[in-house]
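In what follows, a structure is listed as structure tokens, so that the remarks can point back to it.
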């Protein structure tokens, strides 16, 4: 028996000290997401989004999108994008280690990642140390672009803007739809994502003159949320703003129904509420939830390209596209476009090209006004958020009204009034 | 009273309803060997544990060299000079002979080399010199019991409580144990032996204390005790005691 | 013992020289992680191996070490090295406060009580706003120097610092094994009542072992904070980390001086490799391999791999 | 608003019953063999997946598939015993801990390999929706789960106390060697203990699947609670686990509602540490 183990042990040591050979004309881009652990399902989807973008770039598709019609990067003799995946398991130190591994061992020219804000923080630090461009596609914690990093770029808007959108939306409801909007209570997961969202929601509530009756943090991975929701109910708010990942989003909706508690509106800060698994698990109980989003399939009425990409994604990943997966897709497109314009994989040139990025709105599958990076913070200033509502099991854009495809259903119907 | 090294005064111990020891008193002078005998279940082990503070007596006092120790912890009284062994041998199975003794020696010799030297010396006294590095599990029962005594001796005690040291031994081993007890006494150690093996304890004990049903029914030199009616009754039952009485009267 | 000493000296020389040949930072990172986990596992071995008290709460000491240094640095601008000492002192206090009641329990009850204590510490730090609560603490990026305990240009200084910590841990562990404390702990583990009858105050000695374990784990907490420059409750006080410390000692050889070191050199690369090469498909294959190894060792080789290498070990 | 408090109380008791049911299997296995099954939460996860697949593939509502899930888990328990546990029956505590810990990671890895990491839930079941009793709204599936837990606990208690097989198992728990002298094949008893222990967690999984999501790591949410319940109730005591389960459920929900939700689990742990320091063997455990 021990012969085998010793051989196995030697093999392990040898394997870990060899570095991998790789083909010549390919652009190696590192992609770091939570591929295992509690957020594995989101991580896998994000990876598929980036892979779809790489596929579109590497082959010819007639889509009005940078590099879609050509195969590979024309300015680099048609070199193909090669994605090197990395799994950070939701742990900051593993994110840093993966970033270093991809940079030093896999010799990637740039990195996209990491979804979890805390992991993006440490991974971006590693990239900064080695001077490798780091494009953040889906982390929404505002502090990431306030650390003055030279190599860090972010395409997605962050919580600061998203939180403000909530209250602009509420104001629009009051002005245009003559809907009275009452007091608000917050329910959020006691993690970096939740704590950050709460801070900004409270800040903007004060700024726009809305009353926050109370804020209830809950521990992640709870076995039950009854006590939290009952405490929320004791504030008897009219609107609930919730920040949860998928597991607790499902559990909380089930509990709302169970204790027969229906606020006049439930507004969610993306994440779990925009995960296709939510609708799959809750079925019709998920209806009427309002959630901030950066992408929605029904936007394709104004931009058909969105539907074709969404269908390609569904075929590739086996689940419908969501805001998160659209953002990792867009992140790859923006990065590839920059490398192509830089005409080289040399980090400084890519950085300069990223700073000059100016992608138009119609070339994106996102409802943004385009992609342009602020020279100091490297944050995409043209990013915009939208608000979607789940109606009959589908995400429909309801705000801003000029882009909306469906009318807002307000208030949130009582549980017993539903069929 | 001053030369009394250990005084047991009205010690009582109850387990729920059962009174294992009821008002037992006796005292010991330095260098004496006391035998503690009595039928099974007489409360010998309970008294033994009370003295060594593994149980805290419910009533009465135990005084060692003028200091009360009734409520003390076992480790404290060991430091004060009362060492004890166990009915079922409790030696450290993962250690060899030398290491077992060293655990005892460490009490008086904190530095490792001194403890090791002392242990080797103790091993010589207890004839373990060739077996120092043997795993203790390979020792015979009598060797294991002897090792336990050696280990306690290494802590430098004034009084040693030996719990059924001779039980389960053959004649030759009993003789060996007796020699060890005598040598301990020569070294000025006071001994309390709980025993069933009469031929082992009777020849060497200065005094014998007999317990029955938790009470002290007799105390005295071995000869007094052997002829004491109450002791015979306790050991051999009422019927035998009466028959023996008639016969002696007839003679 | 001669052979063991020779092996140890060779081992130290190889480690000391390694960074000069090893340019690749990622492998340097793996070696740093191996040495950090080895140091912590040696700390765990003092209480779990020598004293036989299986604790699943050692990650709390790691967290206290990391947080004390970080808070003192961020809020009071205290040098990280002083912060490390403060961390050790606080960890020892925690060990005593937790140890006193917990050591009255035995076997499974003790193990589960330590899990409970570890989880309580996690909840407290997740809700302690002054300590950054769930947001965690970003350790300020200071100018690179030994006194600031921060190095940005290369990992080599970190490598040598953790190597020294590992050597300190091995030395402490060796001294314990050869001293009264080591023998007494083994006696307590083997037969508590027997030990008491020989004058050993078992609570006191378990407490000493737990405090040493706390210090060795706490210095690694400080190191981790200065190395990653970001700490949060879930990455520093995680039950899985406490369990990994036990597994590493188990794989290498419980209660043996070099057990944790061998264990770390097998376990950490395995974890990194399965994650890097198999994890990305997210298929869980890495978990399956890692679990089968743990089961195999637990069933067929409880004395650990160390015995495998040196024929019966120390 | 007073309805809210009583509602919290009721839901605390209901979840407490489920905790009790999960803990009963754990305490039985420990009572018999002094082995703490760290993988207990993962068996719960496997049971929930079985219930989910019965629903998706055969359209069976979790209540109908419950007997099947229980039988499958019973077999899984017996297989686990013969493959993993028998070799370490007399091994030191640490080896036992790491074999069960190895099983925990193995089941999680297999679940992730077979069914990937998505969150799954049975959307519409017989017991969905809620019912109001004296004005208190309670989920029907929680009620059914609680009822199932009580019945199952009762069955186990009856089985151990009055059937021949049950008493034989109690005997083996008391003293392995003595039981063997009485002609009881302790090996088969251990297999039975594992079978029944894992089967009870199968029932809990089946009942939970009607109102709780499942994904490969859902076991860890319940695992620690089960340990606390077992240790609080006293290792090896089935009635102890039952009472402790309800108390833990209540403490968790009430402390969450009255004090602070994010600290609710800490109160459960403090309760546990408090009780165990006073009575190390828990409420009703053997010393």
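Note that the chains take the letters A, B, C and D in the order they are written out, and that residue 1 is the start of every chain.
Just so it is clear, contacts are C-beta pairs under 8 Å (C-beta built on N, C-alpha and C of every residue); 3 or more make two chains touch, one makes a residue touch a chain.
The shown structure was predicted, so the numbers you read here are calculated from the model rather than taken from an experiment.
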B-C compared against A-C, more contacting pairs: A-C
Taking each chain's C-alpha mean as its centre, the one farthest from subunit B: A
Cα-centroid distance, subunit B relative to subunit C, in whole angstrom: 46
Inter-chain centre distance, subunit A versus subunit C - centres from mean C-alpha coordinates, in Å: 36
Between subunit B and subunit A, distance of the C-alpha-averaged centres to the nearest whole Å: 77
CA centroid of subunit B to CA centroid of subunit D, Å: 50
Touching two or more other chains - residues of subunit D: 112, 116-117, 216, 262, 265
Subunit C residues counted as touching two or more neighbouring chains: 123, 126-127, 282, 284, 286-287
Per-residue overlap in subunit A, given as positions that touch at least 2 other chains: 36, 40, 44, 190, 217, 219
Listing of all chain pairs that touch each other, if any do: A-C, A-D, B-C, C-D
Contact footprint of subunit C on subunit A as seen in their complex: 1-2, 5-6, 9, 12-13, 15-17, 19, 35-36, 40, 43-44, 85-87, 89, 91-94, 96-98, 100-101, 104-105, 118, 121-122, 125, 129, 143, 190-192, 194-196, 217, 219
For the subunit C and subunit D complex, residues of the former touching the latter: 48, 54, 101, 104-109, 111-113, 115-117, 119-120, 123-124, 126-127, 239, 243, 246-247, 250, 254, 282-288, 290-292, 294-295, 297-299, 302
Subunit D residues within the subunit A interface of the complex: 1, 4-5, 7-8, 11-12, 15, 19, 112, 116-121, 123-124, 129-130, 132, 137-139, 142, 211-213, 215-218, 220-222, 225, 252-257, 261-262, 264-265
Subunit B residues within the subunit C interface of the complex: 52, 54, 73-75, 78-79, 83-86, 90-95, 99, 102-104, 106-107, 110-112, 115, 151-152, 155
Residues of subunit C that touch subunit B when the two form their complex: 178-180, 183-184, 186-187, 189-191, 193-202
